[in-house]
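Going by the order they are written in, the chains are A, B, C, D, E and F; count residues from 1 in each one.
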Amino acid sequence: MQKVVTFGEIMLRLSTERFLRFSQSKSFNAMYGGGEFNVAVSLANLGIQSEFVTRLPDNEIGECALIEMRKRNVNTNNISFGKDRLGIYFLETGAGTRASNVVYDRTHSAMANLEKGTFNWKEILKEATWFHWSGITPAISQGAAEECLEAIKAAHELGVTISCDLNYRSKLWKYGKEPYEVMPEMLQYSNIILGDIDTAYFMLGHNKVNPNYQDVKSLPTLYNRIFEWCPNLQTIATTLRYSVSASHQRIGGILYDKKHIYDADIKEVTPVVDRVGSGDAFMGGLIYGLMEYQNDIQKAINIAVASCCLKHTIYGDYNLVSTTDINNFLAGNNNGKVSR
Amino acid sequence: MQKVVTFGEIMLRLSTERFLRFSQSKSFNAMYGGGEFNVAVSLANLGIQSEFVTRLPDNEIGECALIEMRKRNVNTNNISFGKDRLGIYFLETGAGTRASNVVYDRTHSAMANLEKGTFNWKEILKEATWFHWSGITPAISQGAAEECLEAIKAAHELGVTISCDLNYRSKLWKYGKEPYEVMPEMLQYSNIILGDIDTAYFMLGHNKVNPNYQDVKSLPTLYNRIFEWCPNLQTIATTLRYSVSASHQRIGGILYDKKHIYDADIKEVTPVVDRVGSGDAFMGGLIYGLMEYQNDIQKAINIAVASCCLKHTIYGDYNLVSTTDINNFLAGNNNGKVSR
Amino acid sequence: MQKVVTFGEIMLRLSTERFLRFSQSKSFNAMYGGGEFNVAVSLANLGIQSEFVTRLPDNEIGECALIEMRKRNVNTNNISFGKDRLGIYFLETGAGTRASNVVYDRTHSAMANLEKGTFNWKEILKEATWFHWSGITPAISQGAAEECLEAIKAAHELGVTISCDLNYRSKLWKYGKEPYEVMPEMLQYSNIILGDIDTAYFMLGHNKVNPNYQDVKSLPTLYNRIFEWCPNLQTIATTLRYSVSASHQRIGGILYDKKHIYDADIKEVTPVVDRVGSGDAFMGGLIYGLMEYQNDIQKAINIAVASCCLKHTIYGDYNLVSTTDINNFLAGNNNGKVSR
Amino acid sequence: MQKVVTFGEIMLRLSTERFLRFSQSKSFNAMYGGGEFNVAVSLANLGIQSEFVTRLPDNEIGECALIEMRKRNVNTNNISFGKDRLGIYFLETGAGTRASNVVYDRTHSAMANLEKGTFNWKEILKEATWFHWSGITPAISQGAAEECLEAIKAAHELGVTISCDLNYRSKLWKYGKEPYEVMPEMLQYSNIILGDIDTAYFMLGHNKVNPNYQDVKSLPTLYNRIFEWCPNLQTIATTLRYSVSASHQRIGGILYDKKHIYDADIKEVTPVVDRVGSGDAFMGGLIYGLMEYQNDIQKAINIAVASCCLKHTIYGDYNLVSTTDINNFLAGNNNGKVSR
Amino acid sequence: MQKVVTFGEIMLRLSTERFLRFSQSKSFNAMYGGGEFNVAVSLANLGIQSEFVTRLPDNEIGECALIEMRKRNVNTNNISFGKDRLGIYFLETGAGTRASNVVYDRTHSAMANLEKGTFNWKEILKEATWFHWSGITPAISQGAAEECLEAIKAAHELGVTISCDLNYRSKLWKYGKEPYEVMPEMLQYSNIILGDIDTAYFMLGHNKVNPNYQDVKSLPTLYNRIFEWCPNLQTIATTLRYSVSASHQRIGGILYDKKHIYDADIKEVTPVVDRVGSGDAFMGGLIYGLMEYQNDIQKAINIAVASCCLKHTIYGDYNLVSTTDINNFLAGNNNGKVSR
Amino acid sequence: MQKVVTFGEIMLRLSTERFLRFSQSKSFNAMYGGGEFNVAVSLANLGIQSEFVTRLPDNEIGECALIEMRKRNVNTNNISFGKDRLGIYFLETGAGTRASNVVYDRTHSAMANLEKGTFNWKEILKEATWFHWSGITPAISQGAAEECLEAIKAAHELGVTISCDLNYRSKLWKYGKEPYEVMPEMLQYSNIILGDIDTAYFMLGHNKVNPNYQDVKSLPTLYNRIFEWCPNLQTIATTLRYSVSASHQRIGGILYDKKHIYDADIKEVTPVVDRVGSGDAFMGGLIYGLMEYQNDIQKAINIAVASCCLKHTIYGDYNLVSTTDINNFLAGNNNGKVSR
């Protein structure tokens, strides 16, 4: 039986009511999310046993984050508690030509103050079959980066499959290290990478190449170099996103396993209920697809796209769709007919 | 002066806030609706005297349903009260590629527990000019089906015009009868039928024919057979609905009176505020159109389409549009300009 | 340093929750707005010192309007207080094919009961560089029209730039005067006019000419006559609005300065969060553009269009966008990508 | 069978969320109420056939008021419609030592602009057994006062029982008449009066006497003079209200029928959910009590007090209690035990 | 380490916003609760491992109940799923002299349709140290009563401590059995009983004795007879509740262990935020107290009273207080001072 | 004309809906407050020109705080902007026996990171007549303490009256200094101190004396020593607060001016809408009273108590009462009668 462990930060998200600007808002909706936690929830909803490892402050706000994990059936047995604060981000939801706006207030968080050696990864991962991390954790702080590398090494030693969502965030990486100083060592152990080609090149310390994703045949050559730099890499996937407006996205995906390139059809996504976390939903769908459909890789990438599209209709950071929802989508029942 | 009586079930609708999934919802909006009640409200708003006949539980929730009828100017003089429960349905509103989801909790309702002979139809219908029922009532229970037939027969004897919305619901019909065992007798008295050709064929016990509604000329032949099976039938209409997504529908309509076939233009409906009850709004508009524009059948079907389109912009089960709203729509003022 | 003074009425806006009809609403959102006030807020948000002059009732509701001005950094030093009521308008927000609906309850307001001579315009305008008024104020009452003329004359004498948004409202003009009896004297002092050609012709007492705005070259001839009638006119601009539905607008703009005609590209605006005040946002953007980009008139009209488009995504009567928002829009970053 | 007709003004009430001050409020709860309408609703809830006569503006806000009447089962057959506005009042709910605050915006309302002769009272009252009015209507305007007198005279001629709640409002009576110029003629036809002794003396043109309601025996002498001035008077009642704080009231009542004086026990009312309309609830309970318990006058005044107390626990202007609620209260089951 | 298993029904609770009557409510707050589940949550919050066993419908509403359990850290490993409905109760919150009102809609629920033998109690209870049931489960249906007896017998055989809250509900017991036919067999295995003396006598088939709880010394004699009838009984406790009004309660408690009688001080509880579930909070506190303070029985009953009092300040069915909250209360810090 | 400048931190307050615990809350009401800002608002509402000086982060959340100041008519001309975060506190509102709970998240705030010399106090205070600070600012950080001392010294040199609210918060003072190391130098310049005797003794480095405030005559001796330690002190006042429960407080006050001791009556405050900031409301009332009623010191302390009591009925951190509200309270009109 599959068990996925993800490691990262969970934040309190404070978002204005639909379409209000910050200065109009007299209240915030409070939710909890974060890239790697969102992946854990996605997988739990798809029936996979999943666990999230993080550090939480030892106060009532940290407890709320813990309750959110339990509520979504994510295992919380290895959470570390400290006296620090929970990271916060403020979200103003855009519409049409006005983009959503994020204000981060995540410095000095419990996770950023993490010290190497906090977790016993050998113990945590002993029953895991999959370990997932993302490029956000090494971007938070030196301690978080070091602990993440510890986890990756332990997973590698235990033979656990390792996936990484590159997730480059320019507003992070403020603690004195550049991605190319940190990421290559971490990525060399990873078996699955999600990210676009230029982000991978950049994080691995190479010049960007501005790929043309419409010309699918041109991509294997570009992907191949990443395989060279990452000796354990088996699969790389890229989310294709064309942003018509804040309310209208077009979503597709590409997957390359060193032998074949798989191309999922572009889907129209309108209206957008909540864009945040749609990349994590893609990642969750991809992990699920690769686990369950090892002999049907095209289906795996299709599931990732379906999961990502459906996420745009779900309020909050994480995806709330079942395998039934995914299957209906893939069967073409994505035109909104009511079943009754 | 026209007076319409409709007969059916009214339910408590508990819907999540816009776009929330059930598991995210800490409250439900409470509204009251049901196919035949929705038609009664539509007509009341268009200035027609209308009455709704049903059975309500003798408790505070039943009283709330009663108040809803009064509020919308629907006559409630012949409601029957019992000790049973009010049927409930839970509604999760979809968006884009995620369809709305309905969970029924309507078994053992006051209406399902109805016994034949509860209502004195001769008395109830004595001032009526029109009686409307739908395929939902005979699908609920044996008792409801029998009482509905009583009403139809009484209306027929009194010379009251009878309309039926076929309204096939596969999740009902659980009490041991198939539609073809019950509907033919009921439909033979009906003067107006709303439904698509295959549903009519199915309910009347014939094989489906998969009609091509784009090829309008091919339809009279198919409709004619229904006229053969239903000797009192004068008019049959079909709602055309193309579902682009949960948020985008295309609506048209076809009407056949055995002589001519009338075809209303397809209208774009986006965004969809609330899809539920849009078929009932079509039915309400059709009854109104046939009553008021007997010599302009094209206008009657146009009104039905206008009513259906406008309903998609109204929250709740029933339509809330006036003749002014309909006329503005038909005059082409459907592009959303503010009048001031 | 620039300082803009605007003069007009501010009202309490009572709007139903999104998409609810009046008869469904158990509460109203309360906001405060009015054409000329909205322009003042637009400019304050763009960093221009702005002041609003009006008359408010001397009660708690008037105080709420005053607080709204302060909150939005609009100078309130010259407000007059009286015992009358604050004008109200009720707003039912439309969607798709159902237009928004406005019910005015603004008669007998403090502003309508204004008497000529209430304000000392020489004093008020002594540090102003720009004075803005609109066709709404002379439409309210004789007293408001007379006081507005006083303000215009004082501004003219002081060499203050004068702009006017023609803003024809057929539901006003009820006090016994027609626009052509009042507006020509007022417009002759104006340096900038915003309005379509036929409204200008109508208000200046001439027959409408039904211009073809797609044929841009044909427009200077038509605009030139307005320059003849208004000797101080330097610039005239027209908002182009194509209403696909209540939820989908297309916005462009044209500006003519007697020498060149400038044409801003049509932008798609969907969904529409709040259409009210989008004309005032155009006006605010235009004033800002003409102040800041005197040597780049094309940019001025582009800013006006950007401001108008972005307003459609903002809830309430007035625009809440910064120069950063405008610049992002003009740089093509109007596709809704989240910055993080 | 009893049928009560009441005549007066209905207003839109816009109240802040619980305990917010006006300047904190971004929305208003919208309800509809008015002294005489509240009495009609009270009676309808107690099972008495009741009708409300008023004048409403011919717009959507007037229609909302009409729907509210229907919803509460109040007959609306004789409503007059005009082009004027619906009166409004703004309510800020107090707590503890801070009183609630009312801002009236009811001038120029449809009811205030009423002209004598608008209603055909002989027709309206022909099936009525009781007519109720209050001192608010003659305080609004000359026209409202004159029409109210017409109604009273017609009721008197038809032998309909007439009740009046004196309801003195110092903020009204602004149209040039004093109460003593108008009320005596109207009160001489009234059979039941609700009000305190000094208000009655004042409205009938006599000096106040500052009665001591604790000394019950002293009251008949004072009441008797009112009987002298009002030849048709049969019963007079006074609500006793001791206001501990905005959240804590003590309520009792006294009734005198020229023979005996009846004294209802003081009840503690805390917390106060909504104080507005509690006097109307007393009046409604009194009418119901006098109708149903002609031989048990003590019970009639007890019902009035019970109705008034319970109203303080009901949000909105009008009372929503059934005879079951009243009976439970009178049986001493007023300590809040849950039945289950 | 202690582990408590509770068995019973969980319902969807639909409550009106604070103080609204059913007929005023356009939405319901949705929560999940039930006597035995509430005890499980109380214990989980106090740090005790707890599990709830029930039957849920196999639909989205059942899933919501399941999520609620997880969220509150209650073990859900032995839930049974069926196709039936989730029981519902509607709650109208009272205030002051108006009591709260409950409308049950729980017939035909998954739990009521339970068949004996559904659960493998030997397996479920094998690690349990405590089993809790209440008088509600045998009141629902024959099947529920039989299964509950199975659980009790298994617990008895395994040496698990058994507690019962008598919880008599007159609106249940509709399936043909009286309490005295069912309860005695079940109670004979119970070690701890919570209930008042007369309820115990009644359920055990004896005449009520109307005890005087103020005369504490008189109680042992009365309690002793219950010990005679229930051979395994070790402790019996009674909640003392004096209802001043729906908003003001006085709470105390008595405990008798056949040797001593313990009396907890009466505490004032005002205002009441939510009364529902306060008895379950008493039970939860009692179990916790008896587990943790076996040598300080007075403290055990004090904890039960503290838990019950604090519950009245918590919205929803179940208690949300920690041991810190309890200890603060017992230390006299119950006067509402803010810690900062 | 009087002008008050206050200096301190403003925070974002995130509070749960009334009475919900943190773990139940899906949204937070967002308000802005802080001890010294609250005093500034109190004074602005009482008609005094007031200015608040602080440091805000240069982001949208800081801008929201700025807007809040403007909205409440507090001068913001000397705000400093930095890149840090705005301090946050989470508030769970208690009821009855459950106290409110505050979770601070204010470390690393813009104000805590303040560096000495940020503000030009001579310039800021040149038109001020009063400067107010509190014991919170020196408790935040070394930099804040140093800058506060700078402000105090400048005020002293300019002859500006200086007031201090001692405001001891045990959860602060974490940067390495004890109050007695910092406060004495700051307090020696202060002319008015608000605080209880033991807090003053403690902060000034002396042993607590446990005064008996009921024995008013015993207090001057104790207060006199504070006058000895603080050579510029003219007036000292103490708020008396007896906490019956979280929902019921008793408030009084004592003032000593070295000659007389003034004692304001204890007032009952129930229910408590919002306790936070009631001490600041006392301070604001005291400053106003001392400014306006220099010859009626009893009135000054009465105003302080009235302001404090009324604050308990106002939602949010700061007081929203006018001089009219205060005068009504002092005139005994504090029993909640509605004016109409």
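FYI, a contact is a pair of C-beta atoms (placed from the backbone, for glycine too) under 8 Å apart; a residue touches a chain by one contact, two chains touch by 3 or more.
The shown structure was predicted, so the numbers you read here are calculated from the model rather than taken from an experiment.
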Check your understanding: Shared touching chains for subunit B and subunit D?
Key -> C, E
Check your understanding: Quick check: more C-beta contact pairs in A-E or D-F?
Key -> D-F
Revision key, fill the gap. Comparing contact pairs by residue number, the option in A-F, A-C or B-D matching D-E for over half of them is A-C
Exercise for review: Determine, using the mean of C-alpha atoms as each chain's centre, which chain is farthest from subunit B.
Suggested key: F
Practice item. Please identify which chain has its centre, taken as the mean of its CA atoms, farthest from the centre of subunit A. Key: D
Point to revise | Interface composition of copies subunit B and subunit C: same or different, split at half | key: different
Practice item. Please report how many Å separate the Cα centroid of subunit B from that of subunit E, as a whole number. Key: 46
Review point. For subunit D, which residues are shared contacts with two or more other chains?
Key: 23, 26, 67, 101, 271-272
Review point. Can the chain contact pattern be summarised as a line, a ring, a star, a complete graph, or none of these (other)?
Key: other
Review point. Which chains touch, pair by pair?
Key: A-B, A-C, A-E, A-F, B-C, B-D, B-E, C-D, C-F, D-E, D-F, E-F
Check your understanding: Quick one: in the complex, what on subunit F touches subunit C?
Key -> 67, 70-73
Point to revise | Residues of subunit D defined as touching subunit F within the complex | key: 19-21, 23-24, 94-102, 104, 169, 171, 243-249, 271-272, 275-276
Check your understanding: Which of the residues in subunit C end up touching subunit D in this complex?
Key -> 14, 22-23, 25-31, 59-61, 63-64, 67, 85-86, 88, 90, 92, 101, 103, 105, 107-108
**Study point:** In the complex, subunit C residues that touch subunit A
**Key:** 267-273, 309-310, 312-316, 320-321, 325, 328-329, 333-340
